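One structure, pasted below without further comment.
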Amino acid sequence: MNLQYTLELFGTFVFAISGALAIQDKEHDWFGAGFTGFVTAIGGGSLRDMILGSYPLVWVGDIYFLYSIIAGTVAAIVFYRYIITLRKTFFLFDTFGIAFFTVLGVEKSLSLGVRPEIAAIMGMFSAVMGGVIRDTLTNETPVIFRKEIYATACLAGAVCYLLLDLFTDITRNANLLVSAGIIIAIRLVAVKYRLSLPELK
Amino acid sequence: MNLQYTLELFGTFVFAISGALAIQDKEHDWFGAGFTGFVTAIGGGSLRDMILGSYPLVWVGDIYFLYSIIAGTVAAIVFYRYIITLRKTFFLFDTFGIAFFTVLGVEKSLSLGVRPEIAAIMGMFSAVMGGVIRDTLTNETPVIFRKEIYATACLAGAVCYLLLDLFTDITRNANLLVSAGIIIAIRLVAVKYRLSLPELK
Amino acid sequence: MNLQYTLELFGTFVFAISGALAIQDKEHDWFGAGFTGFVTAIGGGSLRDMILGSYPLVWVGDIYFLYSIIAGTVAAIVFYRYIITLRKTFFLFDTFGIAFFTVLGVEKSLSLGVRPEIAAIMGMFSAVMGGVIRDTLTNETPVIFRKEIYATACLAGAVCYLLLDLFTDITRNANLLVSAGIIIAIRLVAVKYRLSLPELK
């Protein structure tokens, strides 16, 4: 549990950095960077909790999440030149981050008493909607509409978690690991081999 | 009542189809289509309920709404070539849909104890905000800012419902029919004769 | 208290006017103007209250806010030619408005029991997020990402309010005045001397 909490704070820190840097081709100032970092880090979980009516929102109830975001933003500003050379590292961090936040989001939704189908969507929302809100505010095409498989991997991992939870005797920790692993595997394979879902037309 | 519930599920199904197809000129994949279908179908009612603090949201509390959305998305993908030839049919479905969801949204808001003026706005929100959220996410100009009369028709129908409810002895069902009819009539006449509200300047 | 309430209604009226006029270079009709006026006026406070789970939202619980918005929209339409000549006046009104709504937003958040750090963000949100939502809906670059110091001034004033509240014996009214004055001063000086925060790169 302590490990999980540490990971949540670290994930929030990383999401804030990547959110702050997501707009580097625009001429945003420090405030703009902090704002997009903040929205990226808390947007998905907040939307999930506001949809499910679960108050207080995580970052409102526990100040350490805000501190993680502030630390991430400051790091992004201070170490800007260094961090932007770490694209591959951040791609990996982001991949682990969405995997982790998806399965935790599924768990939290189930604990609030919603049906598994809803929990799967809410898990995916937890992971990707922060980026979607950020992209919408900055007039970018939201990441989920781009070619690569992204939110679909989260949804697949969420469904995997629910199936294992319902139909096997797997322990919670093993399930978290397996399902997050599925998300990571799908995402990495999709990016490496440029796989994408069929287009509508 | 049973008829109303069936119509709500059918309206959700149709909104999901039209939402999934709304992005056909973009290169969205199946996930993107499903996501826009989902947002279009549940966005308006969800925003209304989140503004009024009415939990659980309709689609969270009743899984058949999600099933309707999934069915609509699958239909949009599978029958894509056929459905896009049905533009006029979908225009009619959309017109009936916004009329129906407006008056039901007014009713639900009133039942939550808000004043009639607020209920009118919430009724209009129920019908059009799903499309507005969809358009915002896909960087389109939201439908309510385009030339044709759209949300204005919903607002007029909502006001009509409230006036008839407050000042006449009309039965609920008759009022639903009359007020939805007003919305449909305004919308059809506006499109046919290219009527629009005056511009600001 | 009575003065504060009057100022809140007047601020809502002014925000509705400036929101309605914010889209004047687009070909919006009367409905579009009213919609953007509405969103600008109630967006920030509504988002704050939905994040904090404080229901009913201000404008849902007190109909006079809606009346102020309607009055502002009608004024924007009727006196359009005259009002757009008042750019400087509206710049001043907007500056006073964001200052006032920031400190009131901080106060309300504190009264709901959140920590000061959260209250500072919520105060800033109260003032600027209505404009951000408006800009996002109309596909503009949100005001907070533009060059001038805007939201940063609100954040500074919010922090000032909290520091004075925690560490001095200042009366509430004096604190409101001083902190709002800080926001106004920062904003005016920044615009006059074209000051802006450093860019990220």
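The chains carry the letters A, B and C, assigned in the order they are written, with residues numbered from 1 in each.
To be clear about the criterion, contacts are C-beta pairs under 8 Å (C-beta built on N, C-alpha and C of every residue); 3 or more make two chains touch, one makes a residue touch a chain.
According to UniProt, the chain labels map to these proteins: A, B, C = Trimeric intracellular cation channel family protein.
All figures in this text were calculated on a predicted structure; none of them were measured in a lab.
Q: Looking at where chain B touches chain C, is over half of the residue numbers used by both copies, so same, or under half, so different?
A: Under half shared, hence different.
Q: Can you tell me the C-alpha superposition angle of chain A onto chain B, nearest 5°?
A: Angle of the fitting rotation, chain A to chain B: 120 degrees.
Q: If you average the Cα atoms of chain B and of chain C to get two centres, how far apart are those centres in Å?
A: Inter-chain centre distance comes to 30 Å.
Q: Could you pull out the residues of chain A that touch at least 2 other chains?
A: 50, 53, 136, 139
Q: Flag every residue of chain A that touches chain C in the complex, lowest number first.
A: Going through chain A, the ones touching chain C are 20-21, 23-24, 26-33, 35, 38, 46, 50, 53, 55-57, 59-60, 63, 66, 76-77, 80, 136-139.
Q: Looking at the complex, which residues from chain C come into contact with chain A?
A: For this pair, the touching residues of chain C are 50-53, 114-115, 117-118, 121, 132, 136, 139, 141-142, 144-145, 147, 149, 151-152, 155, 196-201.
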